[in-house]
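By written order: A, B, C, D, E and F. Residues from 1 in each chain.
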Amino acid sequence: MRISVYRKAHFNAAHRLHVDSWTEEQNKKVFGLCNSSNFHGHNYDLEVRVTGEVDPITGMLIDLKVLKDVIKEQIEDRFDHKNLNLDTEEFKTLNPTAENICYVIWQILSAKLGEQYEIGVKLFETPRNFVEYPA
Amino acid sequence: MRISVYRKAHFNAAHRLHVDSWTEEQNKKVFGLCNSSNFHGHNYDLEVRVTGEVDPITGMLIDLKVLKDVIKEQIEDRFDHKNLNLDTEEFKTLNPTAENICYVIWQILSAKLGEQYEIGVKLFETPRNFVEYPA
Amino acid sequence: MRISVYRKAHFNAAHRLHVDSWTEEQNKKVFGLCNSSNFHGHNYDLEVRVTGEVDPITGMLIDLKVLKDVIKEQIEDRFDHKNLNLDTEEFKTLNPTAENICYVIWQILSAKLGEQYEIGVKLFETPRNFVEYPA
Amino acid sequence: MRISVYRKAHFNAAHRLHVDSWTEEQNKKVFGLCNSSNFHGHNYDLEVRVTGEVDPITGMLIDLKVLKDVIKEQIEDRFDHKNLNLDTEEFKTLNPTAENICYVIWQILSAKLGEQYEIGVKLFETPRNFVEYPA
Amino acid sequence: MRISVYRKAHFNAAHRLHVDSWTEEQNKKVFGLCNSSNFHGHNYDLEVRVTGEVDPITGMLIDLKVLKDVIKEQIEDRFDHKNLNLDTEEFKTLNPTAENICYVIWQILSAKLGEQYEIGVKLFETPRNFVEYPA
Amino acid sequence: MRISVYRKAHFNAAHRLHVDSWTEEQNKKVFGLCNSSNFHGHNYDLEVRVTGEVDPITGMLIDLKVLKDVIKEQIEDRFDHKNLNLDTEEFKTLNPTAENICYVIWQILSAKLGEQYEIGVKLFETPRNFVEYPA
């Protein structure tokens, strides 16, 4: 019996969109307000999907407390109340678009939760703009 | 033209997580607070997805009033304001985890709505924890 | 790196469900209150999913401002504060069920956004009733 | 012990804003798109507040089933799936602005629920626009 | 400068409505399904309002971490994953209606947070039914 | 007929909490993570309440388009995608706590909308933490 379990989490962070190899004009033209030099920020809402086989005895796919703790330690503690561009290793050179943040979170959680689970990540930059990996 | 129609519903119920063949220590260790002997409860939110071919004359997949009534009679009347462990046939021996409740609801609705429709069920135990069958 | 980007939008419109080739009795029987001759209305919430390959330089799938503007010009300006049956070309003869509105929006956006993107549309007629194309 | 109990409900309706004694130019200028001659519509969300003294024996202010039924019979059955301008007595000549609809609902519920309760009504025309009476 | 700060929290609990001095018939008649002998349950959402004077140096009314911890220790730890009728001192004899739970929470938080703050409590039994003390 | 009309808006911004006259130790102790030197950010949700007398002819308190435009020009354009500490006049020296931001918005809107309206502002820093002025 293959099922998906979802857990929501969130973190607040500052960022700006910027491609280092571009001129300021190019950056301003492509990223607009999101390129503001002093950063802006978001309440990022995160929805993690874990898919796999239910344990026939417990009737559970994964201990939700374990999942909650992994998300807290691996994602919330890493990004919450941080400046993504300045304070994190992941986005020192990688542009912190919602697409890239979503993919980075997927990589971290997939590596941590192990091969018996298939992971999906939805990241909400605002309630109206969000991304999902894998598609 | 293949499309999906969704309908939301909800029910309030008490439950506890418990594997009868285990010792109290094992149950407490695996299920934690969810094993509390006097039960706790949830507002379960249910999202039912029905997929199939749209009728080219009416432009409808399924009469939403029929779908609403089936969900009410088959799921809400069965589980609402009940103690899942004590008051329902389905969870007399089956552990009422969100995973198992979701699968039981999928079985009931699939049998009732018939083979022309493919059913999907999302069950929210809280706004932050939810499951989906099939994955 | 294939990813999905979502953008939400909304419009308010009046409509009634009606099959012109049917008698009033047939229409009333199948569509019930939704057949009321003087129309009723909804706040339609729209969730557009765009799937494709992320640009490795910008880290973006699509410029969200472009996506927002396309949805505004192609969908919101076309349907907002309109009577779908009387004021729009699309539903002059096509019954404006949620299923048909969803499919029409998918056709318009797919044609406009181009072949490099795969489009999905979720249309909420109310927070409890919604449809998705493709399934 | 004075307390407030809230109950939410909703109805879907068509309307247009129009002052009969004005010219079409005046109406168009003041009400804009909301004046569209063929109507548009909304999912109206309603939040009713009932304030009074809790019964010391039951620990309840009002039987919620009674409150739910009064709202259904007096408000939902009256306005749901209706054209407010054409199908209701209340808005035959009164302009169906959110302000006026809210006040009319307050009048109906106050008269029906009786003097031992103080009534408040919040009416959401969209999730972003809503009104409250009394202020 | 007098301002209000709000903090949301939640807990999941089982309960039944029951007046011990009444017959089973009276209880069933007044409380209906909520009187089910084996309990049912809810996700209780809690909204705490704290009103007072902002500190002119910090620009804060109250340290939100302190408020969050007080709510966790005084309310969540006391009621979460509990059977309100059987597992708590507060509702051993007091009927656990939303009105009474709301008032009990207000009493606990008012005593704990001290006289410089005025407290308000909104308790959601479901998203559609909620209460507020003081009125 | 005195009524309240509400309009929601939002803006995304970066900020840090900091009292310039304090040592770093004091700032870190009082503001914790919110004091992070490289800023963090939020999706600020804003709920503006306007109270006054309904115009008996139009049945409206205020033209919602006017209200929406005032909020956009005075608040969203001023704060959206900005670093509140570095990019705005208002918080050059004033600590950008939710309490202070809420009060500043109230001052701006009260001055702009004029004396015939009474203004209230609710500012959500996250869905769980929000403030309201006046209390």
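Simple rule for what comes next: a residue touches a chain if its C-beta (ideal position, glycine included) is under 8 Å from a C-beta of that chain, and two chains touch if they have at least 3 such contacts.
None of the values given here were measured: they were computed from a predicted structure.
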item: Minimal step count in the chain contact network, chain B to chain F; value: 2
item: Third chains touching both chain D and chain A; value: C, F
item: Any chain that touches chain E and chain D; value: F
item: Chain pair with more C-beta contacts, C-D versus A-B; value: C-D
item: Rigid-body rotation angle, chain F and chain D, from Cα fit (steps of 5°); value: 120
item: Per Cα centroids, the chain farthest from chain D; value: A
item: Centroid-based (C-alpha) most distant chain relative to chain C; value: E
item: Interface composition of copies chain B and chain C: same or different, split at half; value: different
item: Where chain A and chain C are represented by their mean Cα positions, the distance between them in whole Å; value: 29
item: Whole-Å gap separating chain B and chain D, where each centre is the average of the chain's CA atoms; value: 34
item: Contacts with two or more other chains, residues of chain D listed in rising order; value: 127
item: Every chain pair in contact, whichever chains are involved; value: A-B, A-C, A-F, B-C, B-E, C-D, D-E, D-F, E-F
item: Chain E - residues contacting chain F, complex; value: 1-9, 49, 51-52, 54, 57-61, 63-65, 118
item: In the complex with chain C, residue positions of chain A that touch it; value: 19, 30, 32, 94-100, 102-103, 127-135
item: Residues of chain E touching chain B in the complex; value: 10, 12-15, 33-34, 36, 38-43, 80-83, 86-87, 126-127
